[in-house]
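One structure, pasted below without further comment.
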Amino acid sequence: MSEALIELREVSRRFGTPNGALSRLLGQRPAPIVHAVDHVSLSIRPGEVVGLVGESGCGKSTLGRLAAGILKPSDGQVFWRGRDRADFQAAALKSARLGVQMIFQDPQSSLNPRLRVAEIIGEAPRVHGLIGPEGFDAYVDAQMRRAGLDPTLKRRYPHQFSGGQRQRIGIARALAVQPDMLVCDESVAALDVSIQAQIINLFLDLRTELNLTCLFISHDLGVVEHVSDRVAIMYLGRIVEEAPAEVVFSHPNHPYTQALLAEVPRLENRRSHFGAIQGELPSPLHPPPGCHFHPRCPHAMPRCKVEIPKLREIAPGQKSACHLNDVA
Amino acid sequence: MLLWFLRRLLQAMFVMLAMSLIVFIGLHAIGNPVDILISPEADQAERARIITQLGFDKPLWQQYAYFLQGALHGDLGRSFVFNEPALQLILQRMPATLELAVTAVLLSVLVGLPLGLFAGLYPNSFAGRAVMAGSILGFSLPGFWVGLMLIMVFAVSLGWLPSSGRGTTAALFGVQWSFLTRDGLAHLVLPALNLSLFNISLVLRLARAGVRETMPLDYIRFARAKGLSPTRVVFVHVLRNILIPVVTVVGLELGSTIAFSVVTESVFAWPGMGKLIIDSINVLDRPVIVAYLMIVVVMFVTINLVVDLLYTALDPRVRLGGRA
Amino acid sequence: MAVLEKPVAAPRARPREQSPFARIAGDFAQSPVAIAGLVVIVVIILLAVTASLIAPQNPYDLAQLDIMDGRLPPGSSSADGLTFWLGTDDQGRDMLSGILYGLRISLIVGAGSALVAGLVGTSLGLTAAYAGGRVEAAIMRLVDLQLSFPAILVALMILAALGKGVVNVMLALVIVEWASYARTARGAALAERAREYIEAAECLALPKWRVVFRHLLPNCLPPLIVIGTIQVARAIALEATLSFLGLGVPITEPSLGLLIANGYQYMLSGKYWISFYPGIALLVTIMAINLVGDQLRDVLNPRLQR
Amino acid sequence: AQNVTVAVGAAVGSIDPHYYTLTPNTSLDANVFERLVETDAQARPMPGLATSWKLVDDRTWELKLRDASFHDGTPFTAEDVAYTIARVPTVVNSPGSFAIYTRPITGVEIVDAHTIRLSTANVYPLLPTDLAQLFIIPHKLGANPTTEDFNSGKNAIGTGPYRFVSYKPGDRIELERNDGYWGTKPAWQHITYRMITNDAARTAAMLSGDVAMIDQVPTADIARLRADKGVSLWETVSLRIIYLALDQGRDGPTPFVTGPNGEILAKNPLKDLRVRQALSIAINRPAIVQRVMEGAAIPSAQFLPPGSFSYVPGLVPPPTDIAKAKALLAAAGFPNGLKITLHGSNDRYLNDAKIVQAIGQMWTRIGVQTAVETQPWSSYAGHATKLEYSVFLQGWSISSGEASNPLRALVATFDAAKGRGTVNRGRYSNPALDSLIDKAVSTADDGAREALLIQATRMAMDDVAIIPLHNQKNTWATRAGFTYVPRADEETRAYDLRPAN
Amino acid sequence: MTLELRDLHTHFDTRVGALRAVDGVSLSVRRGEVLGLVGESGSGKSVTGFSIIGLVDPPGRIVSGQVLFQGRDITGLPEPELRKLRGNRIAMIFQDPMMTLNPVLRIDTQRIETVRAHDNVSHVVARTRARDALGQVGIPSPDERLSSYPHQFSGGMRQRVAIAIALLHNPALIIADEPTTALDVTIQAQILAVVQKLAAERGTSLLWITHDLSVVAGLADRVAVMYAGRIVESGSVDAVLDRPMHHYTAGLIGSVPSRNKRGAKLLQIPGMTPSPLDRPAGCAFRTRCSAATETCAQEPPLTMPEPDRTLRCFHPVRI
């Protein structure tokens, strides 16, 4: 196992609820806390693509933002190339931050509508001195071409592009600062099937070309299965299972993973009988105690209600957090 | 709740403190009340006597300290002109202003909201555009001018309404109100209209913008897809939504309407606080000005509180604290 | 079928190289009323700028006035043959000249104070939104304080402390107005701040000031521009009110507002022109500004964009 | 009609007749309370609660009191007079104390219920004039009656033709006829005094018939009201003089007068009589009266209007003479004129801002480039009091109706100890004039005193101590069918309003 | 036949010209049948749905064609008549469950008003009916839930509430415009289960709009593929998904990840969807089609290569 490029060690991130009129009304009373990410450990080796799957609101994006350094963890540490990111000093911090870039879910809102494409892509390299003023145009052209965009369009504004092209602009912007790692936060979710295929192909190309490390966040299991080396399954702020992709899709261990896989609609399954895990996604404001999944779990035991299961290695390379594994 | 209330109170106190300080310094900059107040007939000895009596011989900071001392005991000083407690003077005049301002705000909602709905529902119709253009009149003509026009048309030429002043009043809860009598109402109409013109435009514009933003939303389409009548869609689904910004803004405007009814009150000889304050400013009657501003601050804070509560009542979403 | 060799061409129907400005201008041109408003504004500005060249009289020069020409109805002529097309005021000032010069002052006062208040208020509002915490609380309390302070008192204090004059009137208006900009800017910035492009900029480790002024600010401009057009109008009207209360610009250099205020007392006596014509000029000006502002608001509102 | 509404243009601030020497207050009080000495419409003394007064010796006055009774039925006696005189100086916080009128009185002696003797320290011929300012209140109010109790009506007990009913500050005062009044019965059962301070609103109230009478008719509306058949106008020349004060206190440069190119002058040109004369004769007073005041004033060259005690016969405004003014300036060493900033208030006197502008026009024609600056009284007054201006507009209401008052207040040398020159804000000083004034005020004989006052007035005016502009006229408007007696002292009395015929 | 569209054209008048959002759509839905309508974003699926219930707002309008509902043409019906159908005989469910319910009105208000819009019943009766419908979509303890506000529900629950509202009057046709796109797989499965049961038990017809082929595969009986405002291919699910005849359909199926080798590049359709303002004449797909020839510049006719199957293509995919 080569050394991890990035390692999240027991990171947590909590949010207070936004300051609405009522919470103002309630004043100083301790604001409800969301444990968006709850003691999560995850390490990613150079060149690896890790898929992160989970229901909406389970904390995938927050984890991605923690990895990208946009958010600071409330607890825990993030190690970048073996060093705690909290210890970095100014210049090193900057290069560490540039080392991980994020590609956002919504190609519309992640581009500043008032900047031209060339500025969007070229601003950061210029500001950080990666290129001088004279090399600007050539550099931007190269970045655009690499992302599959026609450089003659660089004087346009984001709104003049289609969704797929906008996502390419986002990719070009991220790659322009020559990162080692990308966090792709549902980067294809907003796109059409046919465009989605184009963007996934672009990722696959870039990955081989630049040997990029990737944290690939998605709730589309099909896509994750296709691109990832390793997959982590998240439920309400915690990672419940983590294993190489083939293992997860062939031998899911955690009941949640199993349910998830059972319900993925597939082209092959005609007139299938849908009958889902019952129960609603619990509110992250008031997560159930013990194992978060127990209210919906068909195998729940009394112990699940009180004790948080640990994420343990249950087979080589496969980790799962479920008390059932102790029983078996 | 209590904590929140205390915090609001603290904020209000802070603002009041800052306000009183600014007023002391500001009024000092404007001029010396002595020069204006003291009767010109008075000779130098008489002047000196009054100056000491009113404490103007002391340095400003000392006068301020005295004021603070009094304020802590609920005494905001006595008016130089009226020789009555400043607070009492203002409270005496408050019902008149409140009544005027509340009527004006009501009027602005009653007139502005329907017009705004109309203009929003038919943005391209001639009438819709005309309403919008007309609404500009509401804030482009100086209030004093419009006020006089109203008097000229409705009182002098047509003789329908009295030209100025407050009419017969009747007591309610121990306070004199004019909206309880016919004569009082007649006197109220013109000044309230004058004062509400700006707010009518404001509400109208807000309502229109709200309709324009709400109409294309999915839930309005869904309501229509359910087969609801247009009336229900507009007056239940759309209206409930646009009421939220309207209430917020109208609430805040009620505060400024009260605070700035000065011009209307002077044009219509309306015996409210606004008239008192402008007269007091003219003679630098400091205790009255300070007390007035204190009350305005308290009023602002109270109104903000009520608006917040109303907001919570109107928009169930804020209960969770998460405004999308 | 590799994409890399063949960059995707843009969809053909998209108009070429259209900047947001060009688009806004295009959309703006949709409304003939707004265009008319814009034309009126341009004409008014031209009239104001060239007032000294086209006005029959210099209404600010006491030597050119004669009270014996005072309060003449429109169309009368003076002893030395000057025709007063819109009549004269009580000082024998030609109303037409007075309006032209007054327009200039009103526009300078209105636009100037709105601009300065806009700059100050916007910076404070953005700072509040971006910095959050104590800074935000302090700035917003200041806004509250300002909003509960009667404009007239502010103006009186400023004018008393600094004396009369156009600049001081503007200063007073700035102090009265900045708070609404700060509020608006903060509101807009709070909404924009949550957008992902701000996160993207932070992720790219761009300096803070750059994020605020290059990314945040331009996107908060639309509501500010709209507030701005309204505030220009409000400032002009407020200046008129200050004049009415004797706190406006110097009496010998009347603005539109002061002309109206001066004519106010002649309204009942039938000498309508002293107040009426400046009133019309003020109305037309503010109407035009607001028509343009209304259209701008619709054009700048992304939700209403086609 | 038994109910009549009167609109006044200035707010009544207090019902306490001894709180503030302010015309709006005294004007209202005059309906409820009475004074020992009253004044007629032309401000000449006449019997009030005192039927007669005479000097028993140089320094002692004896007054015979009328048989009258207060609103509550208690008879009016000498005790009430003594009580009133004692109370006046004790009113706290009074910014305009009536004590200036009682201070000369050093002794009070009640001879009998209807006779009282007042003694003064010096010879003081003006005592009756002072007493004409003093409202009598009943002694049964006891020690330290408060202003609030007057406002609430508890203490508002006088002997006047109307009794007080209610007071709504800033709005209205209701009065009821006093049926036990000793004099001619008032015409109206019920009077409502409304305060409409906004000029246009007041005129509108008149035009719309909401009120039967207004005071302070705005000059702009006089023509219109005069043309209206439903309205009658009543006017009289006022005791208020509008004048320009000139800084003569500074020897060196005065702040707002410079050479024609803005150069600072070593010497204060206003100290040169020729300059003052030039400025005065440059002003076309009839034009101001006619165009700015719309006839509601008379051009003036002295303090008092014709017909007053101590009016200087033949002292009329100099004819406007631009050539002569220029010549005088040149003679004074300013052939190219001067540059002056003329200051004025804009909310204090009738048309004050317009007057200074008009003067600005006129001075420009003699080569004095004039800038005009106006301010609200609240800040103007302070600057004027601190003597910060060079040439500035002032007004003075001559409450006593004779020249000693303006002479002492406006042109006598400023002297705090002697209480002289209290509003001499130009700091004009002329010892000869001072002694003349001193002599006049201690001359008991009316004829001799008038001669002295005339002499003093002439001296001040010849020296252009101030530049008088005009005497205002006071104008009232009533609906047709009423008559009113216009008063020179600006007081609005419901008593003087009667049905025509 | 519950619904039949005949050559429907819906256009939007824009500044730059008429935008042909729906450009000759013909399709039919039988009683109790689920028809999946798939296609790229912007291909006109939603506009087709809105055209059916007459909710195309200006500047849009139905230019020509017929909407036959239970045999009756409803395109020209006056608004009050249409309103009688809407929510009653034809119901619609929208894509975003967060946005379909009015956030400031209580759930029961929004449901009761729907009952009372079509049936003149008392408030109490309406309330009971509303509650029963909630139970049908599997919301536990509907009594308590009725008086909540939408924000107190999760997305899945809201979508079920919306479906429950659609069910209130036992409609003959439900138009579902991507109702599960915003939801998670587990919640999506719950919704699909409800819908499936419904079609089976009540004979309600469903027009299920989506761009997710996998969902269509699991749910629908027949599928219609839309491209650039037209139906390019339709037929039974098995036939179309297993043996696509239009090149666009084939490309779409080919780009689904599970059809490709793991980690390998996906098959993809080259190029972009043409702008609806500026479509190539003839077959709109020809610029991206590998089999395109000059013939394709002609309008491809609607053919019926197999029973119960339609196609618009000159060069169908050969299997």
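A, B, C, D and E are the chain letters, set down in written order, and residue numbers restart from 1 in every chain.
Throughout what follows, a residue touches a chain if its C-beta (ideal position, glycine included) is under 8 Å from a C-beta of that chain, and two chains touch if they have at least 3 such contacts.
These numbers were taken from a predicted model, which means no experiment stands behind them.
Student: Farthest from chain A in C-alpha centre terms, which chain would that be?
Tutor: Here the answer is chain D, farthest from chain A.
Student: Count the C-beta contact pairs for B-D and for A-C, then tell me which is higher.
Tutor: B-D
Student: Per the centroid of Cα atoms for each chain, what is the distance between chain A and chain D, given in Å?
Tutor: About 86 Å, centre to centre.
Student: Report, in whole Å, the distance between the mean C-alpha point of chain B and the mean C-alpha point of chain E.
Tutor: 53
Student: Between chain A and chain E, what's the gap in Å when you average each chain's C-alpha atoms?
Tutor: For chain A versus chain E, the centre distance works out to 31 Å.
Student: Could you tell me which residues belong to chain A and also touch two or more other chains?
Tutor: Each of 162, 164-165, 198, 201, 205 in chain A touches at least two other chains.
Student: Using the touch rule from the top of the page, what residues of chain C touch 2 or more other chains?
Tutor: Answer for chain C, listing residues that touch two or more other chains: 2-3, 8-9, 11, 14, 156, 160, 245, 264, 267-268.
Student: Mind pulling the residue numbers of chain B that touch at least two other chains?
Tutor: 30-31, 148, 152, 156, 216, 281, 320, 322
Student: In the complex formed with chain B, which residues of chain D make contact?
Tutor: Residues of chain D touching chain B: 11, 13-14, 16, 19-22, 92-97, 99-100, 147-148, 151, 168-172, 194-198, 200-202, 204-205, 207-210, 347, 376-379, 381-386, 396, 399, 409, 416-417, 419, 422-423.
Student: Mind pulling up the chain B residues that touch chain D in the complex?
Tutor: For chain B paired with chain D, touching residues are 30-32, 35-47, 49-50, 53-54, 78, 80-84, 89, 92-93, 96, 148, 151-152, 155-156, 159, 162-166, 266-269, 271-272, 275-276, 279, 281-284.
Student: Which part of chain B faces chain C closely enough to touch in the complex?
Tutor: That would be residues 11, 14-15, 18-19, 22-23, 26-27, 29-31, 129, 132-133, 136-137, 139-145, 148-149, 152, 156, 209, 212-213, 216, 252, 255-256, 259-260, 262-263, 277-278, 281, 289, 293, 296-297, 300 of chain B.
Student: Looking at the complex, which residues from chain C come into contact with chain D?
Tutor: Chain C residues touching chain D: 62-63, 65-68, 70-71, 90-92, 156, 159-160, 164, 245-247, 250-252, 264-271.
Student: Going by the contact rule set out above, which residues of chain A touch chain C in the complex?
Tutor: Its residues touching chain C are 65, 68-70, 94, 97-98, 101-102, 104-106, 109-115, 123-124, 127-128, 144-146, 148-151, 153, 155-157, 159-162, 164-165, 168, 170, 173, 177, 198, 201-202, 205.
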